[in-house]
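First, the structure itself, so that you have it in front of you.
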């Protein structure tokens, strides 16, 4: 019987393979890989194109309500449409708790909004800002069972940061539950101390954001996060690493045998602190935390992608308009401390990495697929349904034209931020056809999907989140002499 | 039309995927992967089994004539039969030059012997003991074009070792030719100095072999090899790493961004120096270079397999009988310096790693496949034809029963060494059916293959052997001011 | 004219020299060093003895009122008498602020008590528990001018610990004032989290103190302290380092060129965590923070003394009786969390290091003098008046018999703790005559000094506390574009 | 009775002390240090001056006959006169064996020449180019007994270099004899390979010397030297370290607890590879091995002086005229491979370090004294007679004017090289009076000493050359099971 869909004549690329073959799809899943398949009910010609697993962007802020009172420009429709146009077929945004909120209602809220609007599939991470005993003991186990198996916690930001004891509470819960914890690692005290002094001295321009978040704050916090995780014996993932300080702390932990994963983002490969120097408040467009550093940092981050320090490459898409709703809550009087933190990138994430990574010879095609899709699925329990092209997995396929040249402009993009930090950048390589669970979402530059056609993908407990079973000496001793602590 | 062969109902495992599916084979190649394939002309039931890519053992000594006058116990028939029974469908033995020999005749000789006897496929590495100008300038380019794209060189052994200048000559040639260089890294001076003093003091027993090859000799030589390769800017692979000293030198090089690969072997995971302490000359059975170390070394090597320091797990199969033809050329009077170096392992390599790696929870199935097969193919230019299960690749398939329990005895093995260092070891997991290019080689414990049915696989230049394009400061400066050196 | 005192015939040892010569003393100071001096008004025969600079113990708790309600067993009389008997002629105890206290009245209080009772000279460090704006801006500058040029701050203990921002406030003030900051570096969150869980589980015995203060807490806090100091560019000293985790973090900082100093104490060379395992509450006698670790830790600390990681060897004398006034505030029901932290050691500090350091061949005599006296003077601005034997310096001399054998018992000691953790230890080498500013304090086992005869030594700003003048990249950038922050 | 000489009113500086006092001298030795001494038979006013121990330059080539046929410009007269004018009162030149020469006659020859001409004191290191069994077993023990307790060996240079086995032979002998081994550490193979290719390509100019001695050759050889010394368990000193590669290899060894010492020289603080770029053959004046590197290397070397990586700062004075007798043996046709290796520096060594080290705030006065004098004496068994100012030691005193400004010109210097690499450099601080064993050698710019008035100082076995007593695992094992190897 004919396949519902056959993608014909392309070069299928996974994290391991680069193979000329046809892909047969039925019921939204890949059902056949063969050198030549008979004609399907629908055939798509992929001649001259790469057939890649749909990208997974596991770090995006969509329709997220900030406790500081700023709003994401993107809702689940615009955000997922932009993702799809960029070759991403699954996102893992945050269900963000603020202090005082019940976790279950937070999650329900995000579920509701996403289910009505998303055009691609999604899972959720849970931001934990208030890890009460009740949250840890009652809510989290249920949420993990319901498919939310990753938490994000913050070491900085007044309204989000946890104390070291709270970090340990969450890490310990994650260990018990088999969940993976993502950590925003910057030393809060350094940032607060510098910011206070800068503002006191009248230094309010966006460029001072980069001064107030020094590298040493990132390096310190990564080392502390590693130490806390080592005490508890639980894997962690350090998000949005910007520089050698963070990268080498992760690498050292890995060398010591710890399960510490790292993520980086396009802003640390393509922007620098000088972008924040632009006149007036223009620099605010490039403000994110940690901030972009310098050329040497970019090289260190590329090296970390090559040598395996980083498993994931995400966008940290944080879409804020350049007006009072986002970047400039106080208009012209907005200080670097008040401007919304974050840059958009959901649509350009993969094209940027392809052009400068694969195109420039830094990464192989297989590494590109691993960093942009497969590893995300493995880290967050979406594999084998997502993240690769294999029998039985969802038919999330991207037909990638390696020769298509594109000049980036904000106008061509589909998110609602209104600007792009990569304006004017020439890229080579672009996703031309995007398929999600066998549905052709994007073709010939047109979207073919209804709001709400994306589905929630419940995440399993990831193998990559398993503890090593190695206790620090004191806890090893405790096992011999004392009571169990968990 | 029906496939020639269908492997049905197994769980196909690659370096990335673990997927329930059927595999269709035609003309010796994989032609279809599908959830369910129609009946083939021949069907093999893989229910409850893993379907793995055939193992690749890229470090084996077969029918190799030693310049010291000892002989391998295995010829290309016994060696390849033993490999096949252990789940290995491709080997990369050495075509070994001795000083004074012409490279082309060396290679022809090995080609002739292998083509007559091998039952599985093979490629060759070239051992370079005499890198004359003629060899480097005339022979090597031709041999690389003919599919021999990896060289092995020695930093120790009187008859094989190269000086640092010769090492640079070979590395520089490898860079020019796109070949990968394997290095046996031990400091010759330390070994010679200690051996001389030990023999002078009458310490001749096998146990002194382990004394005369100290860890520091391995660590030193790895660092030197890395430095030489860095000067030339060419990737290298350090073979048979035994201990933390070597592993951490490799890891540091990788952290600095160098393309330095590492290989280890079962003897460094399962034996220790104490095995050489056995009474009389019995310890000679466990003598190899570098020697097995201790428990801490074993742990360091396991850690290196997990953290990515090592790409390849090989046997370094060196089959010497425990008699005057091999281990004991002078009978009872054989000193540790005269006994043949090496242990057999071609058949048990994969079962050992599976049982203690996958079974004990240290490695995932995918890592097992990468270390035992896929990475070898990528390192040595055999990919995508070998090393994975993908459309168009050779149908080298191993049906692996993860529950089969085996107690190792020499009698059950198929090489001609006559003993195994792993005698008595209980293992769980075993290759039950082995398929090479669609031919069922092993089934129900029986071999179904004629001598000479194996083929030579010409190796391509490997992507992994590409130089980084980063020059040390002095050579970067030379580019500005002076003549090109290559 | 005859010298007031001549120490004749000894071997004078300083941090650099070992010289046979006579020492002439007038007006409390060294006025002549000569091969042979004419008879003085008083002559002391030092034949066969070493003449050492009087020891300096820069980490002692004397007559210190704990905010937890426990009392030091020693006042300024018993404490300084014990010090003198152990060869120490200068101590630097703490003037300890508790939260809410005014710094100036704290200091006045300690001055008053010490001036009435001390029999040897002393300076003060200031413990800062409440670094208010007023304290930093008004009190500290005056106190530094008055000779208190070192601060101690805590990263743990509920009543003492500072936040990272407060640590930066103090470090920044220290930089401005030229003061040296001593840091008790343990991660508070880890300790609190573990303690809470242990107590909840009913694990209250002293041995759980060692579990609740894991090595990783020390290593983490040292790295954080280094990062904070690097941000501000100011030297720091990490006190009482117990293990490789802390030592290697210090060494790495030093290797990076940072001015990070380290101190260790006898308890980390001679005790282990097993000492806390004694039955009942007996283990409480060995409880200090950080706790003693194990044999490997001891070796790491010895190595740090040899390789220059540590500049100072102090006692951290914290004398608590083994009763309700000290170690056991709740009697038999005292938990590990309530028992007073600290061990006595002021008298045995130097004999322990001499016997096991110099006697066992680990340290040279000169290193012994540097670690026990000279470096303390240089670190804390007491040099050249204290810490060496040189013209013009105070005649603080210890005549040390390198062959005197002593078996340690609590009964022979002069502090009021009532026990010693080193009970029964055999030592070789002992201070037999102790001279302070030319006064013979101890001779033939007798004390010859009135309470109050010790003097306050105002400390100068130390050269070793000078900033490097190297800014982290962000603050270097700030210098170009923005306002000065200090 | 009046002292023969009193140096009055100066500030005496040692490695530890900085003290205002008078120095009394009798019989060539320091006999009194006092705040005020009575008038001596001769009084020298040191008011406003530092009184420093005479400098020790432990790395100088004087009247050394090169096996390549070039000659030192300086004999023992001109060399020691230049040293004295620069504040150095003891040198340790080399007695240089060439292959085939008998050690005892080599030493006699140097003794004879030095005794006739030297105006300051001297000891000898022995260059071992031919470590035969006879040399090691018979000659060395006698020479060590006669006061030559340090050996120098080479890892490069065709006529001098030893194989790794020979290095082990010498290190092992040094261990037995209590001698200290200095090692010229550069990888010979890299240098030879690059030089050969450069010359083949017609790149003969002096600048190619710097290309042919890459940093990686230094780093590699230092690591190998450390490994060889670790195997034997014997201290070593790495001479003339030029860059971070060497410095960090030394630092790592020290951190591991090994006794590895480091030396550096002015050319690595004040010159760079660009100096070799000068037009024509002019660059040859700056050619030494290893070559000067770049600014970052200079900073790394300064850091190594501050953090204790380096114990000794020497000149490596190698005075070759810029003519056919030295730098240009083939005149205009001299290639970089033929030009004599080395730069002069014996006279400017201390003024350079004082001006840029002490004057610029990088080093304390005490560190300056330790690096320029005291540590040399301790390393090479000349302490306590040389290297400090202490009772009983030789009265080798330098009166140093910290404010004297000098503009360097070749014309003002006293060696016979005919040029200085530091031409035109402004310095602050200069030795104005130089005293050797109580004799005023230099005063008011005039020399007051006869040729031959310098004495040979037999060196003792240095404490710093004692083995650690720690065996590598294999040799520790050997102690349990086997024969002793030494």
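Which chain is which? They are A, B, C and D, in the order written, and residues in each are numbered from 1.
Throughout what follows, a contact is a pair of C-beta atoms (placed from the backbone, for glycine too) under 8 Å apart; a residue touches a chain by one contact, two chains touch by 3 or more.
Predicted, not measured: the structure shown is a model, and the values here were computed from it.
Seen from the C-alpha centroid of subunit C, the farthest chain centroid is that of B. With centres taken as mean Cα positions, subunit D sits 58 Å from subunit A.
Centroid to centroid, with C-alpha atoms defining each point, subunit B and subunit D lie 49 Å apart. Averaged C-alpha coordinates give centres for subunit A and subunit B that are 39 Å from one another. Subunit D has no residue in contact with two or more other chains. All chain pairs in contact, by the document's touch criterion: A-B, A-C, B-D, C-D. Residues of subunit B touching subunit A in their complex: 12, 14-21, 24, 31-35, 248, 251, 254-255, 257, 303, 306-308, 364, 370, 374, 384, 388, 390-393, 463.
For subunit B in complex with subunit D, the residues that touch the partner chain are 163-165, 167-169, 187-190, 192-194, 197-198, 201-203, 207-208, 210-217, 219-220, 223-224, 227-228, 230-231, 273, 277, 293-294, 472-475, 477-478, 481-485.
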